[in-house]
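By letter and in written order, the chains are A, B, C and D; residue numbering begins at 1 in each of them.
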Amino acid sequence: MTTMTTPRDGSGPERSEQHAARAVSDAQRAEIDEQRAASFTTRRATVEALEAVLYEPLPVLDHGFVRVIDYMGDDAAVVQAARVSYGRGTKRQRDDQGLINYLMRNWHTSPFEMCEIKLHVKLPIFVARQWIRHRTANVNEYSARYSILDNEFYIPAPEHIAVQSATNRQGRGDVLTQEDARRVQEILRDDALRSYAHYEELLNEGPDGEPRDPEAPSVARELARMNLSLNFYTQWYWKTDLHNLMHFLRLRADAHAQYEIRAYADVMADILERWAPMTHRAFTNYRLGSAQISKQGMEAVRRMLAGEQVTAKDVGMSTGEWRELTALLAQE
Amino acid sequence: MTTMTTPRDGSGPERSEQHAARAVSDAQRAEIDEQRAASFTTRRATVEALEAVLYEPLPVLDHGFVRVIDYMGDDAAVVQAARVSYGRGTKRQRDDQGLINYLMRNWHTSPFEMCEIKLHVKLPIFVARQWIRHRTANVNEYSARYSILDNEFYIPAPEHIAVQSATNRQGRGDVLTQEDARRVQEILRDDALRSYAHYEELLNEGPDGEPRDPEAPSVARELARMNLSLNFYTQWYWKTDLHNLMHFLRLRADAHAQYEIRAYADVMADILERWAPMTHRAFTNYRLGSAQISKQGMEAVRRMLAGEQVTAKDVGMSTGEWRELTALLAQE
Amino acid sequence: MTTMTTPRDGSGPERSEQHAARAVSDAQRAEIDEQRAASFTTRRATVEALEAVLYEPLPVLDHGFVRVIDYMGDDAAVVQAARVSYGRGTKRQRDDQGLINYLMRNWHTSPFEMCEIKLHVKLPIFVARQWIRHRTANVNEYSARYSILDNEFYIPAPEHIAVQSATNRQGRGDVLTQEDARRVQEILRDDALRSYAHYEELLNEGPDGEPRDPEAPSVARELARMNLSLNFYTQWYWKTDLHNLMHFLRLRADAHAQYEIRAYADVMADILERWAPMTHRAFTNYRLGSAQISKQGMEAVRRMLAGEQVTAKDVGMSTGEWRELTALLAQE
Amino acid sequence: MTTMTTPRDGSGPERSEQHAARAVSDAQRAEIDEQRAASFTTRRATVEALEAVLYEPLPVLDHGFVRVIDYMGDDAAVVQAARVSYGRGTKRQRDDQGLINYLMRNWHTSPFEMCEIKLHVKLPIFVARQWIRHRTANVNEYSARYSILDNEFYIPAPEHIAVQSATNRQGRGDVLTQEDARRVQEILRDDALRSYAHYEELLNEGPDGEPRDPEAPSVARELARMNLSLNFYTQWYWKTDLHNLMHFLRLRADAHAQYEIRAYADVMADILERWAPMTHRAFTNYRLGSAQISKQGMEAVRRMLAGEQVTAKDVGMSTGEWRELTALLAQE
């Protein structure tokens, strides 16, 4: 099931073309190719590594994708804005990385807001519902009041079908047996197929736009769609700035995020690396890989470093917090 | 089916209690009654007409509701903020209405942002997906990763089941015959019941939290939920300011909005009237009931008033725009 | 005094170079020229008319400017987002204009949010304070805590020095006599020069960073700046989307806006026309040149068209509103 | 100069009345007293400790204040929203604190957005310019286009007049000698008095609204104001939610913030403690007093705890970062 995993290796066209066969139609592929073939001259900041994948559907889950449609700015544009300068970035690359590190470390977020990216995303509705909670972004979603949704829905791969976690009330625990997983897939698939068949029956619309059954009514699209389940795919254009992209990644590329949205976040982290490698480096060091330790936690650390044996009680921490702290300090 | 219509008459407890039996459980009703029984002393701006319905579930659709949980400010607070004054409002009520009219007419929106309202809303997921597009609001939604959704879904009443509109590509046309409508309801109900039964089978969780079938796995909640259809009810706390509430109402209490979200907007317009009657009056006059006429449309109106016979062509308007303009000018 | 007017004619380099001598230093001019000389290849939507003025300081007021630093998207990108399409725009330009008109007319604002523009602006502090009230934008301002402000301040040209309006409590009335205007300019100039001289005395910092007076303290920059007056120039990077740019223009290119911010808005309206001419056309027709008429105003218009003699009293309008309505209907 | 420090002791009326004599006029004091005397009955969440200071000007700097005008919600409302519950909070207070700690620790910010506070603030313009950068808030500022500003400006107390920091490019270093500080105060005071005198001359408006000099023009307010310096006081109504209030405090109650805005943040932190003591406790522990340690910093800590002697080079940290880390670990 390799096509279901996200392309962490940053692989390009081959993988995505293989997947694209399932995620985009031939007509869509032709439109994409036409866009990729065009070329313009610009005075704007341009990033080759990102241009390389522009418009290309980067596969996610079984039918989803992320396509970079447009972008504004790069690492040097962050520096340029921080300095309110007349030219671009600094003279030496090393200084740019240093300034970006400084901005990231000290939560000077506004220079990162000066870069912008626009994505075309195809994703299951239940993922879209989590995603949309990030409000500082612009969205245009495919309208099922206006158009008809395709018969495409998400079925989790067996390795992602797990039981409710015993320790984390909103997570997954052990993976199911192959047999049990198949049964889950069957239920999801049968119900999705039935609900789509009824959706089509309600719409009662043939390929030519004429009723398939001339005796039956063609129920309004805005009504018929309510019969579809939350694993059907929708799609949208989504645009955000570099700061808010990192905020999204910090929450959604996290181990506590649901696997299905994390799969999108992982692809987007790769996009970030292509787009703004210095910012990506600082983000990895000062956000993703960093730790926030409470006042009491810091007291514990200081006393440990002074050679004391410290307990949760000594510094007034709860059992849960203490467990988190010791795990953090023991981590490899 | 009177209980399915929204309480445009502003009726209170009787109607909502009748509905509440269907929208809230006995335990929830008891919690609500307890809250309504409490009383405090405050120096804050207080609105009696809104206090009267505080916490009360105002019924919408077949199982939904809107409950006002809290509010900040009133009409006088708008005036107070516009004047950056040390005291409250003006001396005379008539002056307050005049200033509010002026602010509304001239798009001075910031004073209206100084009042805030918090609602608890129970609504079908497909309505929630339209609603959430209004980003300038705060939201806490019931989490189906963490908790189990109830077996409650929306089935449109026969008088709201209609065919796809022939003229408006995202609207409804004629209502179906009783027989056809029943068939639609059946499809929706059967599919919803089946998807919920499978949801429960996947969850495999009894009332005591133990597996119902000890041999079967209890699939993670975050996975099982994807089998539910878009007409299932969810709920959230939603908080916004007076300006953004009116922006919501302008778009969603509009004839072009889907009936199901309009049903919520209608109840919220009644809440606005209770809360800030002067603002509601100005809103009705300068927003809801107003017309925006294009540059070309204004030219047409001026020439008509001068006694000319004007055609769309004369002022460079499209047929669609001209139709809208003449309808507007003929309206009763 | 031609250089003080805004380049409504869309004029380019010549005018701006003449002004640039006063608004940017030689070193800054060199940096700008270097940026303008660079050229890259991109697959992104590119707009030639905007590329032509990229990085160029477009003069505003006596020392200010607007520079376009970057942009994302164009008219076709609005259409692309509205359709959530795989390719770009539509086949025929005429369809693009039609769809853009439709979106503008019906307040479908989200597709316009899919384009973004970044400006470098040099402006008096009192203008910056009005400007910043538009919150849906990203800003990086030159920091007077960190750096030293230049000795540049705004002195209004005689033709813009006017008395307090008798009818509009927040506007200007008649222009002053030449003599009186000169006296106003003198007061403003003298006070600005003195406050800057004291600012420098407090800073006590020579060109080499060493104290000018070794005996005196070098007061912290964040303190010394408080002695400067509100007509000193500051500068910032400012980035917003096409929808919010138009919202800014609707409020700030309006006759009720203060002249000094309107001067910036006028230049930005020219930029909009270069960037997205179809959107600019729709904006002019459905926003800038349109009229919003209240419920009561519409009643009056309908009755007038039916041949009635209508008075303010007949439709319950105030004298002020009636004056506005009749002026609107009489306008050429 | 005790009245210039912020009331960290949470003291109430006595202190503020003493100050109020300088910050508010008698007429304003009467309006405030009238508001404080009124009392209403409500079903809403009510916080006694905050009601106690409602409307009261809490003194800041030499003429500024913060007044709490209104609020919505309390600690229990955070819990209520997190649970999307029908009633309020939990049964036991201890559980509420535990849940609030959990939400704070895990950056579940949306429940904190469910509480709202509205302040009336009087502050120097240069502070207002830093403050307004927090965009997620609602603001109504006193308009100097429409009204005339009072002759009130900020003069820093001698103990706050310091030289430019040698180590921190945007901070203060050592305090000036008494004599030097007096000289700075004199410069600031003289220039402010002169600029206000010229402001009045330009306005040429007597107490009765008639020109003081019938021969001279009354220059438009929107123009005359540009002669005032950045230490003049302005005032505004400012409203934000609990989450964004904490975000403001995290940045502005910080040692790196300019003293003058920190003085406001300190008073607002006291207000937070009165309003939502559990949230204030969690905020102190998990935000204000917490430390964020980078990936490399965590590696250093782990190796130190394992008994290693670690250097900056060993973990790839810059000198500056290493200094910050060791300071953090040594802190009392």
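Note that in this section a residue touches a chain if its C-beta (ideal position, glycine included) is under 8 Å from a C-beta of that chain, and two chains touch if they have at least 3 such contacts.
The shown structure was predicted, so the numbers you read here are calculated from the model rather than taken from an experiment.
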Looking at where chain C touches chain D, is over half of the residue numbers used by both copies, so same, or under half, so different?
-> same
Identify the chain pair with more contacting C-beta pairs: B-C or A-C.
-> A-C
Work out which of B-D, C-D or A-D repeats the contact pattern of A-B, with more than half of the residue-numbered contact pairs in common.
-> C-D
Express in whole angstrom the distance between the two chain centres, defined as the mean CA positions of chain A and chain C.
-> 36
Where the centres are mean C-alpha positions, what is the separation of chain C from chain D, in Å?
-> 30
Listed in rising order, chain A residues that touch 2 or more other chains are 110, 133, 139
The chain C residues in contact with chain D across the complex are 124-126, 128-129, 132-133, 135, 139, 143, 145-146, 154, 156, 161-165, 169-173, 176-177, 180, 184, 187-188, 191, 194-195, 198, 201-203, 205, 216-223, 225-231, 258
Where on chain C does chain A make contact in their complex?
-> 24, 28, 31-32, 34-36, 38-46, 51, 54-55, 69-73, 77, 80-82, 84-88, 110-111, 113-114, 116, 118, 120, 138-142, 235-237, 239, 241
In the complex of these two chains, what residues of chain D are touching chain A?
-> 98, 101, 105-107, 110, 133, 251, 256, 284-286, 288-298, 301-302, 304-305, 318, 321, 328-331
